[in-house]
Amino acid sequence: MKEPEEKLDWKSRLHEIIYEADTKMGRAFDIILLVVILLSIALVMLESIADLNQAYYMEFYIAEWIITGVFTIEYVLRIITIKQPKRYIFSFYGIVDLLSTLPSYIAIVSGGHNMLFAVRALRLLRIFRILKITRYIGESDKLIRALKNSRPKILVFLFAVVIISVIMGSVMFLVEGPENGFTSIPVAIYWCIVTLTTVGFGDIHPVTPLGQFIASFIMIMGYGIIAVPTGIVSAEFTKNKTIPTNTQACPFCNETKHLDGAEFCHNCGNKMNGK
Amino acid sequence: MKEPEEKLDWKSRLHEIIYEADTKMGRAFDIILLVVILLSIALVMLESIADLNQAYYMEFYIAEWIITGVFTIEYVLRIITIKQPKRYIFSFYGIVDLLSTLPSYIAIVSGGHNMLFAVRALRLLRIFRILKITRYIGESDKLIRALKNSRPKILVFLFAVVIISVIMGSVMFLVEGPENGFTSIPVAIYWCIVTLTTVGFGDIHPVTPLGQFIASFIMIMGYGIIAVPTGIVSAEFTKNKTIPTNTQACPFCNETKHLDGAEFCHNCGNKMNGK
Amino acid sequence: MKEPEEKLDWKSRLHEIIYEADTKMGRAFDIILLVVILLSIALVMLESIADLNQAYYMEFYIAEWIITGVFTIEYVLRIITIKQPKRYIFSFYGIVDLLSTLPSYIAIVSGGHNMLFAVRALRLLRIFRILKITRYIGESDKLIRALKNSRPKILVFLFAVVIISVIMGSVMFLVEGPENGFTSIPVAIYWCIVTLTTVGFGDIHPVTPLGQFIASFIMIMGYGIIAVPTGIVSAEFTKNKTIPTNTQACPFCNETKHLDGAEFCHNCGNKMNGK
Amino acid sequence: MKEPEEKLDWKSRLHEIIYEADTKMGRAFDIILLVVILLSIALVMLESIADLNQAYYMEFYIAEWIITGVFTIEYVLRIITIKQPKRYIFSFYGIVDLLSTLPSYIAIVSGGHNMLFAVRALRLLRIFRILKITRYIGESDKLIRALKNSRPKILVFLFAVVIISVIMGSVMFLVEGPENGFTSIPVAIYWCIVTLTTVGFGDIHPVTPLGQFIASFIMIMGYGIIAVPTGIVSAEFTKNKTIPTNTQACPFCNETKHLDGAEFCHNCGNKMNGK
């Protein structure tokens, strides 16, 4: 609205639209991009269904090229409008953007279809761009902060889960053996993780009485330790909630965060009631 | 009990019985309705068992028409007794009530049996009316409030779960492929949700070592993030508990946060009742 | 230790041994009883294994009669030593004790073996007597209290789970149908509970794309609502911990439970510092 | 760095390197040992895969002896450098160290391959040494403390889970019977634990309507009681957080519970640093 902004050249204005989300045009660009990304993901999903791919091969082929075209234009515009193109090109999103447009062009030269498909799935990484947009929506910030605070504790916990899995997996391999599906220690560890996390596919399961007894022990242990990460995150969320309850501000120095019932300001020493 | 209520015409009295639950008759009506709804649900369940349906076809047919009759009468009464019938007819419960009586009549004209069955299942939506009644019982309000407060955080979390499922599902489709049951990306995403939520049917499961390794990673991740919604709701419930319940204020110094049953102000020492 | 206790007749002394656990003899009796109950449970378990039952039929038969004898003697002693035998006989433990000794005697008359086995399993209810003993150990009281406080909320929650299962079960029956294992609505509800609780046996699982989509929705919902009972109990435990933090007592009236920072007693109005 | 330390003989210096982790050399020794332990675990895992073991038998054999050599040297050094060798030899780690080196030597004499393998898996117990190292990393201490505080409550809870499993397992054995996979009471108890902990392998599952109804009941119960250990640990973590961290006391009025960074006492208004 201010005068200096009026004088912006087309590059700066395009930059504002493409990289920012606080103008009407910028928001519209983000939403259109979001729709195209979702469409491209839906396309990859539908193409993976063998029957549909055979029936609508041509339609998928055309849609694929339209989306590739849109992504190419977006990529070029992002490079043109930014002042330091290298910072964008070698950033996470820059590489993802390149990887989600390049495969289609390579496919023409090489002619390989399966490889094309595999690399095109990289386009899914663009979902993170959607996440970037949703960050503006609101609550996710609190969630991410609480998770970040809990991260060291949760990592130690997950490390403990892995060690328990390695030990109990080896024990189960010795007890059940290859004849009951526990073909090797890595497979037994896989089974142990399946069990500890209470997923329980059932593709491998103990058959001998001793194996079933140890499995029962592992399951009850898993049931008991599921409480740990939950407790960590609960405490983190509870802490966030209970901190800012006192809204008093000192009439002299404007300091806040006073304890309930404080009669003097802990910052300047004057009376809280201003007398 | 007051005189003006004595002069209520039969419409108003019926309205009180049908729509409200604070008179003896109103409560009785609600309980009878509850029993009929439960019977109708039991009937739909029993009819779905092929053996029973063949053996007791006639009995089910008669019971079906009795219940349809009761629901029809109830529907007509609700329209007659209310002053603005349109408000009821186009409300959620109005539509549910219509949909749970209409199918039986349509079935005579069309003669279709299977379709009749499908639409009759809509009658199950009447369960919500039971919920409406149980709301008076007590604790559910607190539950619903805590869930409502946690809703934005839980939605962001569930959105994250869906995105993780889409990415990991695509990875598993590429790693395992159609020959191991991951026939398409949507199926692989379905498997990923089954695994992340620790349900683990086992209808599809990884077979290759790399697939089992990635599956282990997904499971441990699922185990770690199950803590997030739990933490959110725990914090919500904990917060509910710690809000001060005593709203008394000292008549001399206006100090609040008194303990229940406090007779003297803990701030100025005067009597709480002001004498 | 006091004189009146010395004069106790043998009945009272036996009563003290059998019904109480605060004397050396009483504790010994409880431990012996605990061992016999555990042995009788182990015996029922071992007898249920077909191979073992054939091989050690005679040994099991003798052990069975010894345990029945011990239980009979205990039952008779409990009736003799108590002043109001009827209060014991018709109490929960009285009936359990009778039911765990009677079947063996009935078996001789009737000669039925399978029925005998079924009723003998009632002996397992004696485990509750062990629970009664463990109550003295310690922590269980807090657990039971917290659970009791949370009960109304958890019941409302479980009721909601049942209703969701009924509705989603009916939907899945219509979508998947008997040809995919959802043979009737009750079976579909069973499947829905298996899925919502994240157990996931895999004996029944959705086959159609729409069914798998709805199942994914049910699973994510189940994952989201598992937070509710956890939050309820967490809040209950947290509340228990955070209540009694202030240990001040008024020097005039000895009232406790003062707020942190209270300068005057909220009970008698005197200064908390006693001046 | 101080003079007395300079005079340390080679034994003391080696002791510092081997047993401690606060010098540069000691830390390096710990990291090298960590790598060798991880390599030895990886070796045991790879050997358990039948195909790999046949293809690389010789390479595995040589690697096995190198690792055994390293562990032997470490074991001898630990005995030499400590002043009271018996305290180390009969400690937990001393026995683990012996058990992870001895089997390889025994294998030469006995020539048994399978037995060798079984005992070599004991080497996995060395993982605990890694845990000992990670303890210095940080957060694990808090986790272990919170778990220790919760232990009595969690044990009582797990005991309750076992009792529910025994009772419900017996009921399911009577209802479903050997013809539906519930071959004996211990197997039925195993199934019950699989179900209560929401693992749900699906190797055994109820077939009769009554069995499915009871199973539904068990699952919903399991869903409800999973909240208990979670609540216990959550409360434990929350408690840890809310303990006052500021231990300052006002030099004038001795008021405590000051906020971090408070410069004036909130009770008497004097300067916190006493000037």
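Labels for the chains are A, B, C and D, by order of writing; each one numbers its residues from 1.
One rule holds in what follows: a contact is a pair of C-beta atoms (placed from the backbone, for glycine too) under 8 Å apart; a residue touches a chain by one contact, two chains touch by 3 or more.
Molecules present, by chain and UniProt name: A, B, C, D = Ion transport protein.
Worth saying up front: this structure is predicted, and the values here are computed from it rather than measured.
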Interface sides of chain B and chain C: same vs different residues, half threshold: different
Pair of chains joined by more contacts [C-beta pairs], B-D or A-B: A-B
Chain A and chain B: spacing of chain centres that average the CA atoms, whole Å: 30
Between chain B and chain D, centroid-to-centroid distance (C-alpha), Å: 42
Where chain D touches two or more other chains at once, by residue number: 157, 186, 189, 198-202, 226, 230-232, 234-235, 238, 242, 257, 267
Chain A-touching residues of chain B, taken from the complex the two chains share: 152-153, 155-157, 159-160, 163, 166-167, 170-171, 173-174, 178, 183-186, 189, 195, 198-202, 205, 209, 212-213, 215-216, 219-220, 222-224, 226-228, 230-232, 234-235, 238-239, 242, 257
Residue numbers on chain D that touch chain B, as the complex places them: 198-202, 230-231, 234, 238
Chain D residues within the chain A interface of the complex: 41, 44-45, 48-50, 118, 121, 124-125, 127, 130-131, 134, 137-140, 142-143, 146-147, 150, 154, 157-158, 161-162, 186-187, 189-190, 193-194, 196-203, 226, 229-238, 240-242, 257-259, 262-272
